[in-house]
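Please find one structure pasted underneath; my questions will follow.
Should a chain be cited, it is by its letter among A, B, C and D, assigned in written order, with residues numbered from 1 in that chain.
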Amino acid sequence: MDDELVLEVTGLTKRFPGVVANEDVSLTVHKGEIVALLGENGAGKSTLVKMIYGLYRPDEGEIRIKGETVRLSGPREAIRRGVGMVHQHFQLVPVFTVAENVILGNEPRKLSFIEKRKAIKEVTALAEKNGMAVDPKALVRDLPVGAQQRVEILKALYRRADILIMDEPTAVLTPQETDELLKTMKGFAANGVAVIFITHKLREVLAIADKIEVLRSGKVVGTTTPAEADQAKLAQMMVGRSVLLSVEKSTSSPKEIVLDVVGLSSDSDIGLPAVREVNLTVRSGEIVGIAGVEGNGQRELVEALTGIRKSTATKFAINDENAIGADPHEIHSMHVGHVPEDREKDGLVGQYSIANNMVLNRFDEPEFSRRGIRNMDAVNGLATKLVKEFDVRTPSIKTPANSLSGGNKQKVVIARELSANPSLLIASQPTRGVDVGSIEFIHSQIISARDNGAAVLLVSAELDEVLGLSDRILVMYDGEIVAELESADADRAEIGRLMAGGHAVMAEESSHG
Amino acid sequence: MRARWAWTITVIILVGIMFSYTQDELRTTSVLSFSLRYAIPLIIAAMVGLVCERSGVINIGIEGQLLMSAFAGFFGAAATGSLIIGTLFGIGTGLIMGAVFATGAVAWKMDQIISGTIINIIATGLTSFFYAQGQVLPASTPVVAIPYLKDLPLVGPVLFNNGLFTYAAIIIVIFLQIMLFLTIWGLRTRAVGENPSAADTSGINVQRTRFINVTLAGGLAGVAGAYLSLEAAGTFERGFTAGRGFTALAIMIFGAWNPVGAFAAALFFGLTQGVASQLQADEVVDIPPQFINMLPYVLTIVLLAVVAGRVRPPAAVGKPYEKD
Amino acid sequence: MSSDGPAQTDLGFTDPNPTLGPKYGVVKAFAIPIVSVLLAFAVGGILIYFQGVNPFTAYRVLFESALGDSDGYLRVMQKSTPLIFTGLAVVVGLRVGLFNIGAQGQLIVAAIGAAWAGYHFDLPAVVHLPFALGFGMLCGAAWASIAGVLRAYRNVSEVITTIMLNSIAIALVDYLASRPFKEPDQPLSRTPLISDSAALATFGVIPSGFVIALIVSLFFGWFLIRTTEGFRFNTVGLNPNAARYAGISVKRTIVLAMAVSGALAGMGGAVETMGVVGRFEPAFNAGLGFDGITIALLARANPIATIPAAILVGILRTGANSLQFETGIEPEVVDVILALTLLFVAAPIVSRYIFRINAKRKSKSKGRS
Amino acid sequence: MHRKLLVAGLAVAALVLAGCSSSDDTATDTTSAEATTEAAEETTEEAAEEEVTEESAPAVTMDDSNCAAPENYCVGLVTDLGKVDDKSFNQAAFEGAQLAAGEIGAFLKYVESTDPKDYMANIGQFVAKEYDTIVTVGFLMAEASAAAAAENPNINFVGVDQFQGETLPNLTGLIFAEDQAGYAAGYLAGLMTETNKVGAVLGTDTVPPVLYFGEGYRNGVMAANPEAEVTVVYHEPANAFTDPEWGAAEAKKQVTQGADIVFGAGGGTGNGALIEIAKSPESGKSVFCIGVDIDQYNTVPQAQSCLLTSAEKKLVAGTSALVLASFDGTFPGGNFVGATGLAPYHDTEDAVPAEVKTEVEGVIAGLLDGSLETGVVK
């Protein structure tokens, strides 16, 4: 590590309508240093790096790159000054080739023409040099996620970035791929590249960071190093108080089978098999958690179970009722509640009032309508009741859902889904992007639903959440359920290996060895 | 697969033309000339739509842009006594109309359909309101026969004995094909139309690219408009673009957002018109002309219905670019 | 950015249920259209001035001729009637996130359909009236459904298909009116007159078509807010993903909404045939569908607001010829004014200005609390 | 920045448009008699730099505030969907009305319909002011004219291009034997053609006068020259009269196929054909065009070099005669068949052999006295 200061940020503030995303943030990054930005979803990490990359303009404060105060007019200028960014959502053009994506914006040219051959040669050389195998002539849309990320990194390297921002790069990777990426990042640092690494995974931070900046509610709440910190301390800094590592709950008493699935398969959006021959049962009074790295078919599984995605199955029954080929409406009427993964996109209509959102999937039930005419008194009555019961912080039930915080939005969704007393609750990422107070509340609601006899299927990318809530854990990898464990004997490391595609037997072997 | 049947149809048509040429040289070449002539404004107008859509902006205001620039081209030429100045007036007005549309659809992030609709309504209103009769063009645009090439059988009289705008249209098509797929401008434009966010993070100014492209496309509409009033018709009438701006959209889609493809599509539709009027002239069969005229539209709908998904507009078309 | 939902058209309408929704839509709903109309009149006034006419005189003539006597009222109502229908057609589409550019095509197809049903059959009025009206609506609905089905099941942009369908419709009705449906023994391309039993009456100065338009408009105001189907429409329009997750069939809703939209445009055409023209004649229905777009935007996708918007356009179109009669100003000035109105309504300049004023006021009133 | 750009753009556009509109001051006059109204009077000072109205008619009554008074004679004119500057029959009818109004010192004003449903209302405006004679132009207005005439027995109506089935004393339909004009033009073409091929580019056959012109032309050619080949092509009904580009392309095609005379009839569409023929280097030498409705030598100057003649409906004369008759109290009622014929040869005078001229004159005379039939079924 060098002592040369390449990036210095002082007093950066960014406000969005209604929110202060960053407040008085200061940060220094040296040449060859890996700085981890740690924080929960919504802590302001992305906003901070987007300002450094010129995508947002700070309202206050100063950015100095290599000693020079800059006012970045856009990414182009940031790129010119050596800032590169690997985005969480890949910024690639699917119908372009790898080479075209890499050179976009910095094309090798003769007059105004692209030198295609030169581009391919350069990209090939760059990929080889950094040990990243990728075919420059392949179309990006045909590549798997890991390869797309390599293209994204190559893009930054091609622009000779010496300050490389990586925004949650491990979110879409298996533990093994993650390890490889971490190694690559260390390699960059050794070559003098300053790396800013955004994550909320403590293990990764401790593994490679030289310095750790913890953000909470838009502010830097602490700076530390792996030597000084451990996971518990980091977690405490992130959330501001000790996290309940295990959720308090009574032991489960599973009863009859509610969800019974045999041989369920489903395709992804681009028509590739995403869920392969999954067998699954969930009983009344138990929580079954599905662990897995995102993108291993969990989303498709949930969508298939809720009728949103087409699927095939030998058996798919809810309360002994055949649900093969049922549409979302029919599944819903089998007493299934569904907390979707992306509540903003799929769970709520932002412009609608809380009241309308509370009956979004029940508005045509006899309770709320008669002969096609809506009964608004009943709707408002229910909304008033639920807002109180589920502690939704809102001025009124007429407030549009848009204007609520993430946690309160999620409470609206959970309230809606639980208010119908579902016999099966499918909850996908129920606490993503939700504040700590709301997390606890949501967890307790899920547990009390179980205690009241609901069968609960929980899908979460947060292993701790799965471990903490579930009575039984299924591990999903590449569209298959690769292992089933009782939560009592679940071991974090073992699940990690399973999530990476290691077989249960192998896991056993390694645990013996 | 699409390419295969497109080629099959092309080959069948070409063989048909050859055969017809051996039967009656004059009829064949004159019908083909008619077809080309019918196709020319549509081709240029289709390029307007294509440049806009490749940049991620759907332009349904082409009709209005054509009308305004045909108007300005004609009255500019009539007032100044110069076809060249008239042409410049037309192109300039096209650029202005392009910039106005871009201001709404790009800079202000208004709904692109609404912006285009406004362009159409404004153009109809203004050209009718300000129309003045009795204006005459100072001269007619020259027909330029290209030496040697014009003497080629079949293609000579059809392709190489035309007005300057016709050559310009063909050059524009080839130029855009090259620009779009071989140059930096093309790569960036397509990136902006497919994934503006990716373009943005690669250091490309999405808004500026769109604004400039949409404005320049307006200039192309100016060329088409000037062609209509100065070369093709030699006059201006209220509403005389007769829906060509909309047909151009059909042609753009039929050509799969590809300049040369659109050119082929325009020629194909031109050919249907040419053959139809020839059948009427020869009193062979009595096909109601309405059916010939609806052909491009019917075929476009059928095409979209049948090969939907394979014929795909640029992914970001229609959406104003918002960061995040 | 969602990749596969219907294109979203943000027209500033918020929660469609006013009893539950907040009040912040009010400014947008009223102030913007009114200011826009005034601005358009101001710019139009400049044009008139440069034609050598006092703009105030011109506007006085325009409004007096339309609103000065019962004959004026009648004409304004007659002109507004099809516009309310086509405006509603576009509004219903917008509510579901669809841009129905094809109201014109749907209207003319329905107009000739109603004419055929009106002249071809001889039925008692109680049967004939609803039959002809219904048949026209059915034609419009069927025509629009082509676009609706393609949108729902093939994800083909309804904007493109409705543009294409407009051109096809024009050619089709021309063909029908000049050959199979042509009135015999006379040279014009037009259908025979409809039977009296299929004619919509005018009561005093009030055309019954106008009354139907008012009722339908009020019905849709109620329908979109109070019914479960209306709720489906709004939900699909505002967030198709959430609609799908909530068990609403987006495809079915799109097809249904497009059919309803087409039926409304068709109703406009049928009423025009049965109440005003008395037969189908191609030139008689020009531009009505395109005015519908202007009206829907002016009404900011509110069904009831289509009434004042259509009446305004009706007044302008009624007064245009008197304007020429009295002042020599070309009637096309009305088109310029309408285009400008649309520009101001849709462009953010006006709304930004209004909201700035509004924000200032709010910050002042906040000082109290 | 963009906003400024827009404002600047609009300003430029406005200037361009304003320039265009004022540049027609010197153009063919159409604005003469309608000029002054009470509104315009109020603003005369402000309008100092406005169009100078060329008063071609002497001693015109200056307004229509008192049309009922016997000393004030008022003539109104309503067009169908066309405009009085359409270079075609609306313009001709208007010029006829102008001519008559000038002669009798009447006040003349026009309204251009924008919607067929306004016909009655537009007529009604003149009725309300108690105009003495109202000219309605275009066959689409036939029914509206009849209804208005029935309601207002003391106002005379001239229905240009309208065959009136029912005879009212105060309504005269001015009709023309288009087939005869077409026949004469065709006869001339048949005699003139060197290639034995002649063509015609027409508006839609769904509009009767166009059909009669076209079929009359066809029969005329065949009568003059049975060996000749006639090509008659009609536009489809949509945009039939506003598609000069199609007209031009079709004319070019016919010429390429050997036609040396092309008849262009159909508003802007036909004019497009004429202008296209005139572009030919052989224009006026071996390639000719024939216009329609009025003497298009005046209305389509671009086509002067090829314009052999125009198959003329004497609209100006007919309209003005009927207006004058109405003034004189000799209004015929029923239908009045206006004169048809061929316009002067103008620039092609020398190209037409004397014996051809004589023969065509004979044919016209024969058509007029009924000794010759066109063979067109009406």
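Throughout what follows, contacts are C-beta pairs under 8 Å (C-beta built on N, C-alpha and C of every residue); 3 or more make two chains touch, one makes a residue touch a chain.
As the structure is a computational prediction, the values presented were derived from the model and not from experiment.
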| item | value |
| --- | --- |
| Chains in simultaneous contact with subunit A and subunit B | C |
| Comparison of B-C and C-D (more C-beta pairs in contact) | B-C |
| Separation of mean Cα positions, subunit D and subunit A [Å, integer] | 74 |
| Separation of subunit C from subunit D, taking each centre as the mean of its C-alpha atoms, in whole Å | 36 |
| Separation of mean Cα positions, subunit C and subunit B [Å, integer] | 30 |
| Distance from the mean Cα position of subunit D to that of subunit B, given in whole angstrom | 33 |
| Per-residue multi-chain contacts in subunit C, two or more chains | 171, 174, 178, 330, 332, 349 |
| Residues within subunit A bordering two or more other chains | none |
| Sequence positions of subunit D contacting 2 or more other chains | 3, 18, 236-238 |
| Subunit C-facing residues of subunit D, complex | 3, 18, 34-35, 37-40, 42-43, 46-47, 50-51, 81, 109, 111-118, 121-122, 124-126, 139-140, 206-208, 211, 236-238, 378 |
| Contact set on subunit C toward subunit D in their complex | 49-54, 57-58, 61, 65, 71, 75, 78-79, 170-171, 174, 178, 187-189, 276-277, 281-284, 286, 317-318, 320-322, 324-328, 330-332, 349 |
| Sites on subunit B touched by subunit D in the complex | 26-27, 29-31, 33-34, 37-38, 41, 68, 71-72, 75-76, 78-79, 89, 92-93, 96, 99-100, 102-103, 107-108, 126, 130-137, 140, 143, 157, 211, 228, 232-235, 237-240, 242-243, 274, 277-278, 280-282, 289-290, 292-293 |
| In the complex with subunit B, residue positions of subunit A that touch it | 53, 55-56, 74-76, 78-80, 85, 87, 90-96, 100-101, 103-107, 109, 112-114, 155 |
| In the complex, subunit B residues that touch subunit C | 58, 60, 104, 108-111, 113-115, 117-118, 121-122, 124-126, 128-129, 197, 243, 246-247, 249-250, 253, 288, 290-291, 293-294, 297-298, 300-301, 304-305, 308-309, 313, 315-316, 318-319 |
